[in-house]
Amino acid sequence: MRIGIVGATGYGGAELLRLLNNHPEVKNIHLYTSSKDGVHIDETYPHLKTVYDNTLQPFNSKDAGSQSDLVFMATPPGVSAEHTQEVREAGAKVIDLSGDLRLKDPDVYSAWYKRPSAQAETIHQAVYGLSEWNEEAIRSASIISNPGCYPTAVLLGLAPLIQQDVVDTRSVIIDAKTGTSGAGRSATMVTHFSEMNENFKIYQVNTHKHTPEIEQQLSIWNSNMGAITFQPHLVPMVRGIMATMYLQLNKQLTVEQIADLYNEAYDNKPFVRARNNHSFPATKEVYGSNYCDIGLSYDERTGRLTVVSVIDNMVKGAAGQAIQNMNIMNGWDEKTGLNFTPVYP
Amino acid sequence: MRIGIVGATGYGGAELLRLLNNHPEVKNIHLYTSSKDGVHIDETYPHLKTVYDNTLQPFNSKDAGSQSDLVFMATPPGVSAEHTQEVREAGAKVIDLSGDLRLKDPDVYSAWYKRPSAQAETIHQAVYGLSEWNEEAIRSASIISNPGCYPTAVLLGLAPLIQQDVVDTRSVIIDAKTGTSGAGRSATMVTHFSEMNENFKIYQVNTHKHTPEIEQQLSIWNSNMGAITFQPHLVPMVRGIMATMYLQLNKQLTVEQIADLYNEAYDNKPFVRARNNHSFPATKEVYGSNYCDIGLSYDERTGRLTVVSVIDNMVKGAAGQAIQNMNIMNGWDEKTGLNFTPVYP
Amino acid sequence: MRIGIVGATGYGGAELLRLLNNHPEVKNIHLYTSSKDGVHIDETYPHLKTVYDNTLQPFNSKDAGSQSDLVFMATPPGVSAEHTQEVREAGAKVIDLSGDLRLKDPDVYSAWYKRPSAQAETIHQAVYGLSEWNEEAIRSASIISNPGCYPTAVLLGLAPLIQQDVVDTRSVIIDAKTGTSGAGRSATMVTHFSEMNENFKIYQVNTHKHTPEIEQQLSIWNSNMGAITFQPHLVPMVRGIMATMYLQLNKQLTVEQIADLYNEAYDNKPFVRARNNHSFPATKEVYGSNYCDIGLSYDERTGRLTVVSVIDNMVKGAAGQAIQNMNIMNGWDEKTGLNFTPVYP
Amino acid sequence: MRIGIVGATGYGGAELLRLLNNHPEVKNIHLYTSSKDGVHIDETYPHLKTVYDNTLQPFNSKDAGSQSDLVFMATPPGVSAEHTQEVREAGAKVIDLSGDLRLKDPDVYSAWYKRPSAQAETIHQAVYGLSEWNEEAIRSASIISNPGCYPTAVLLGLAPLIQQDVVDTRSVIIDAKTGTSGAGRSATMVTHFSEMNENFKIYQVNTHKHTPEIEQQLSIWNSNMGAITFQPHLVPMVRGIMATMYLQLNKQLTVEQIADLYNEAYDNKPFVRARNNHSFPATKEVYGSNYCDIGLSYDERTGRLTVVSVIDNMVKGAAGQAIQNMNIMNGWDEKTGLNFTPVYP
C-alpha cells in the first residue's frame, strides 16, 4: 500500500507518521508540504530521526494522486476543498482530516467557517468517517471526511441515546475541554506557554465550527434534534479531550437500561469502552491510543443524565480514526496497526 | 488587632499568612496546629523564612480565644463544629473557612457530608460570608462561615440573574473546573503529580458537597429554585476556578438588559469585574488576587445564556474573602490589605 | 513465552504491560503483587480495560518461578534481594528492575542505600543489563540487574569518551533532570501536584543512590575514574530524563574526532541516536520510546565538553531496556516489540 | 513620583505594573509602546481591568523624558541603546531592563549579541544595578543597567565565594534552568505550549548572551577569573530560575566557614535568604517575590561545592530589582513596595 500525506509537517501529519510506522500493510509513504521542498523530515521533527528517511516534496495533486493509493489530507482550511477531486482523479482515494468536507449544507458551512464551501460534488461524495457508526458507507467510499476531534468524542458519547430517542432533543449541553495540540503547530498568543500554563480558558463561546458538525450527525440519527449548546475550553495539557454532556431524558429509564443502550451499541466495537460502574474516565487513560472511554451518571434529584466521553484528540480525534477508516476501506481488521496501549502515566 | 490561625500548616493557613503580611491593621498573629508543637513555621513553609518568625502552638480553644481578637479556622472537617463556640466564649470572633457551619439544615449537612452536623446554636449564629451579598449581616457577626471556593465563583456569577428572577429555576447546570490546591496539602493518589499532569479529570459526579451550599443560597434569593446540576473537574494547574454555567432564561431579555443586571449588581463592588464586551476571563487573569471576573454570552439559537465566572480558589475562594469579611466586621474598607494585582503571566 | 511481573501495580509494572502488549513472542502474563489478591488489573489501571484480562495474584517465589519462563521484578527495595534466587531456583530467569542487585560491593551498597546488601552469590550472578554495552554477558545471563534510569542516560552519554580515555577522570559533573514518574506511584508531599507544578526542585544533593552505580560502570570502562559529582533535579513533567554532563578533555580533539567516537560506538545500535550537527535533544523527542538521544558541544573558551543525553525514564530507563534485555537473552532481534515512535507532541 | 514605562505591553512592563501598584511613592504612570497608540492597557492585559486606567501612548524620547521623573525601559534589543541618552537629556533618570547597556566592552557586546553596541558614553554612565552589591553607585546613578535574570541568580550565589577568592577561577560551571516567561510575550515555536509542556530543553548551548555579563562582574570581583561554562535550560513552567553551580575550592574550608561567608555577605540584605541547614530552595519558594534563596552543599568525595540559587525571573530577575534600584536611587528603604510574600503553592 502506497500512502501520501499532504501537510506532513503539521501535528496531524506527525501523528499519522507515528501510527503508520507500526502498520503492517503500509510500505511506502510520500510526504507533501507547501513550503519545505527537499528538506528531510527529521529536520522538522528530530524525534523521527532513523524512524523515517523521507524527504518532503512540494504538493501537487497529480503527483500525489498517482504516487499513492491513498492520500491523507492533513491540511489547513481550503486545501482539500480545492484539491481533493484532483487527487481522486489522479488515482488515489482520499481521507481528509480537515473540516472542508464535513458539512453537507454549503450555507451552514459558510456561516460557521466564514469561507466558501467546497464544490457540491466533492461534498456529496465524501463519506463522514465516524468509524463506529458509518462502517458500511466507509467501506465503499473513495473520499472520507474524517470527523473533527470534538465531534468524535461527543457523537460516540451521545449516539446510543439519540438514536434510541430517549433524550429531550432541545436539552443537549456540551461542555468540552481540550489540550492544546488540537490548535496545531503554529505558535500563537493563545497557546503561548506563558499564557497557557497554570491557566484555564474558554474560547469561541457559542461560535465553534464543530457545533454544526455535531448537530448534523445528531439530526441524521434523530430528525427531531434541536440546536445544541457547545462550549469549548483549553486545558493546560497537550493531548486529550473530555466532553461533559448534560441531557434531560424524555422517558423514565433505570440506570441499567441506560447502561444497556451503551453495551448494545459498543460491545463489539473494540475502540469504545463504556463503563457501567459509576467510574469516570480521565483523559490520560486514553493517552496516545485510539480508545474512546465513556462514563455515565443519572441524577435522580434533577432527572438529568451526565455523559462523560474522553479521547486522545490526536488519535481517535484525528490520525487514529483516519487509519481506522483506511483499514475499513481496505477490508482489513479495523484494529490493524492501532494496537496502542494508552501511555500511562 | 490580634489574629489567631488554627490549621496554620495547611494551604488555607499559608494563604492567610501570605495575605495578612500586607495587612496594615494586623499586628500579632498566633499559629495553632494539631501536631507540630514548637516547630518554626519556616520549617513547614521555607518560603516564609524571614517573613514570619512564629512558632506553631498546639491548639486549644481557650488559649486561641483569649490570645486573639479574631480566629481563623482553616481546619479539616469537624474541628470548627466542635470548637467554634468555645473559642467564641473565650473572647474571640471566629471566621471559619471549613464547611462545618455552612449548611443551615442539619439533615442536608449529614446527607452530603456523611457526618453529624454542628450544634444548631452555632450554625444559627454563623453568618454566611459571601462578602458582596451579605455585607450587613457580616458587619455585626461574631461567627462567619466563609463560603466554599466553588460556591463563591458560582454565586457571584448567578446572583444578578437569580435575584431578578429571570432564569428558569430548574435549568441551572454548572460545569466547574478547579486547580489542585483546593484539595489541600495532603498527598493523595488523585493529586499525585504523575497522575494529574497532562490529565483532566471529573470527580465526585453529582455528589460534591458544594452542591447543597449553592442551592441553599440560591433558594434564599429565589424561593422557586429547583435542584441544580453541579459537576466539578480537576485541571492540571494549582490555582484557579472556572465555573461555566448554563441557564435557560424565563423571559425575553436583550444582551444589554442582561449586562445591566450585572452592572447594577457589581459596579460598586471592587472585587467583582463583570465584562460586557463578549470577552471571557481566564483563570490566570485573577491569579493571586481577590477578584472574581465574569463573562456572558447569550445564544439566540438555543435561547440559552452561558455565564463564566473565575476566581483564585485560594484567595477569593478562601483566605482573601475571609480577610474581606474581617475588614467588613471591623468597619475597615473591604479592600484593606487585599490590594493584590493578579500575577500575570 | 510465559512472563511474570512482580509488582504489577507500580509504574514499572504498568509500563511493562504497555510495551509487552505489542510483543509478538509473549503469550502469557502473570501479575503478582503484595496486596491486591484477586483484584482485576483494570481496577487499578482503568486504561488497561479490554487490553488485559488479568487478575492480580499474591506473590510467592515458587509459583512465580514455575508459572513463568521469565520474571520481571518491578518491586520496592529489598524484595528482589530476598526472592530472586528462589524464583531462579523455581525455574524462571529474572530481570530485576529494582536497585537491589546493581552494586557489586556490599559496603558501597549499604553506605548509599542505608540497608543491607543482597547475598553475594545473587549479586555475583546478576549481569548489569546496559543493553548496548553488555550484550554478550546479557545473552547468557539468567539474572539481569536492569540499570537505573539516571545511569542509563548518563552511561550511554559518557561511554565513548570514558572508554577511549579522552576525559580528565576527576572532572565529571552530571546535572540531571527527571520527570516525576521515576519516583513511583506512591503519593508523597514532594510529588504532590500542588507542590510540584510551576516548580523546579533539586533533591538528594550529593546523596543519590545512582551515583555509585554510575561510578562502578565508569570504573569498569576506565580504571582511573575518580569520584563524580551527580545532582538530580525534579522537573514539573511526568516522563523524561535529561543529563547535562560537563567534562574536561585530557587531550586535544577536534569536534569531528569527538563525533566519530560516538558514531563508532552507536552506528549499529538502533536505540541510540547521536547527533553531530550542534543540535540538542529535548526529552519529548524520545517520549514513550526506547531511544536515547545524545547531543554534544565543545567550547573552545573553556576547553570543556558538554554532553546532553535524554531518555524516557519509564522506557529506556526501565521497562523498555528490560524488554530489550529479554530479547537479547532469547536471541531475538533486540528491537522486537519495541518499535515505538516517540509520542510527539 | 512620575514614572514612565517604555514597552508596557511586554511581560517586563506588565510585571512593573503589578509591583508598582503597591508602591506608596508612585503616583503617576505613563505607558509607552511602539504600536498600540490609544489602546487601553486592559485590552492588552485584561487582568489589569480596574487596576490601571491608562491608555498606551506612542513612545518618543522627549515626551517620555519630560513627562516622568524616572523611565523604565522594558524594551527589545536596540531601543534603549538608541534612546536612553535622549530620555536622560529630556529630564528623566533611566532604568534599563534590556541587555543593551550591560556589557562595558563593545567588542564583547557585538560578539555575543551579534549587533553593534550602544554609544560608549551611555555605557560608561550606566551603573550595573545588582542591588545588593552596587548600592553606592546606584544611589548616585542617573542611568541604571538592570542585570539579566540569569546573572542575578548566579552572581548573588557566587559573590561571597568569588570576592573572598576561595574558588578555583577556572572551575566555574553553571547549569541554569528557567521558566518560559523570560523569553517574553512573543509567541514562538520554542515556547509553543504543545512543544514545551511535558518537555525539558537545553538551548543556546555555550552561546547565551548572559555568559559575558556574568564573567564581567566576576572579573570585577576577582581579577583572576577565567571563562565560565554556562548552559541554560527551559523548564515547563512560567516563572522561576534555578542556577545549580559547581565549583572547585582553592583552599580547605569547613562547611561552617563557607556558611559564614554567606551570612556575612547577606545577613543585612533583606532579599537574599541563605540557608545553612543542608536545605535547598525550590523555585516556587520565591514565586512572585523579590527574594533570592540560596542553598549549599560541599562534597568531601570530590572536593566540589554545589551552590543553588533561585529567583523569580520576573521579579528579582527583572521588574522587582528595577524597583529596588529605584528605591535606592531615591533614598527610600530598598524594600518599599516590594513586600510580596511568595505565592505558595
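The first chain written gets the first letter, and so on, giving A, B, C and D; residue counts start at 1 in each chain.
By our rule, a contact is a pair of C-beta atoms (placed from the backbone, for glycine too) under 8 Å apart; a residue touches a chain by one contact, two chains touch by 3 or more.
Heads up on the chains, UniProt names are A, B, C, D = N-acetyl-gamma-glutamyl-phosphate reductase.
From a predicted model like this one, the values you see are computed outputs, not experimental measurements.
Peer 1: Would you say C-D or B-D is joined by more C-beta pairs in contact?
Peer 2: Per the contact counts, C-D leads.
Peer 1: Quick one: which chain's Cα centre is the longest way from chain D's?
Peer 2: Result for max centroid distance from chain D is chain A.
Peer 1: Whole-Å distance, chain B centre to chain C centre, using C-alpha means?
Peer 2: 46
Peer 1: So the centre of each chain is just the mean of its C-alpha atoms; given that, what is the distance between chain B and chain D in Å?
Peer 2: Going by mean C-alpha positions, chain B sits 36 Å from chain D.
Peer 1: If you average the Cα atoms of chain C and of chain D to get two centres, how far apart are those centres in Å?
Peer 2: Roughly 39 Å separates the two chain centres.
Peer 1: Touching two or more other chains, which residues of chain D qualify?
Peer 2: Where chain D meets two or more other chains at a single residue, that happens at 11, 179, 181, 185, 194, 197-198, 236-239, 284, 287, 345.
Peer 1: Could you list, by residue number, the parts of chain D that touch chain A in their complex?
Peer 2: So the residues of chain D touching chain A come out as 11, 179-181, 183, 185, 187-189, 191-194, 196-198, 236-238.
Peer 1: Which of the residues in chain B come into contact with chain A in the complex?
Peer 2: 170, 173, 175, 177, 179, 194-195, 197-203, 205-206, 226-229, 231, 233, 235-240, 242, 244, 246, 278, 280, 282-284, 287, 295, 297, 299, 301-302, 304, 306, 308, 310, 345
Peer 1: What residues of chain C sit close enough to touch chain A in their complex?
Peer 2: 11, 14, 17-18, 21-22, 45-51, 181, 185, 197-198, 238-239, 270, 273, 275, 279, 281, 284-289, 293, 339-345
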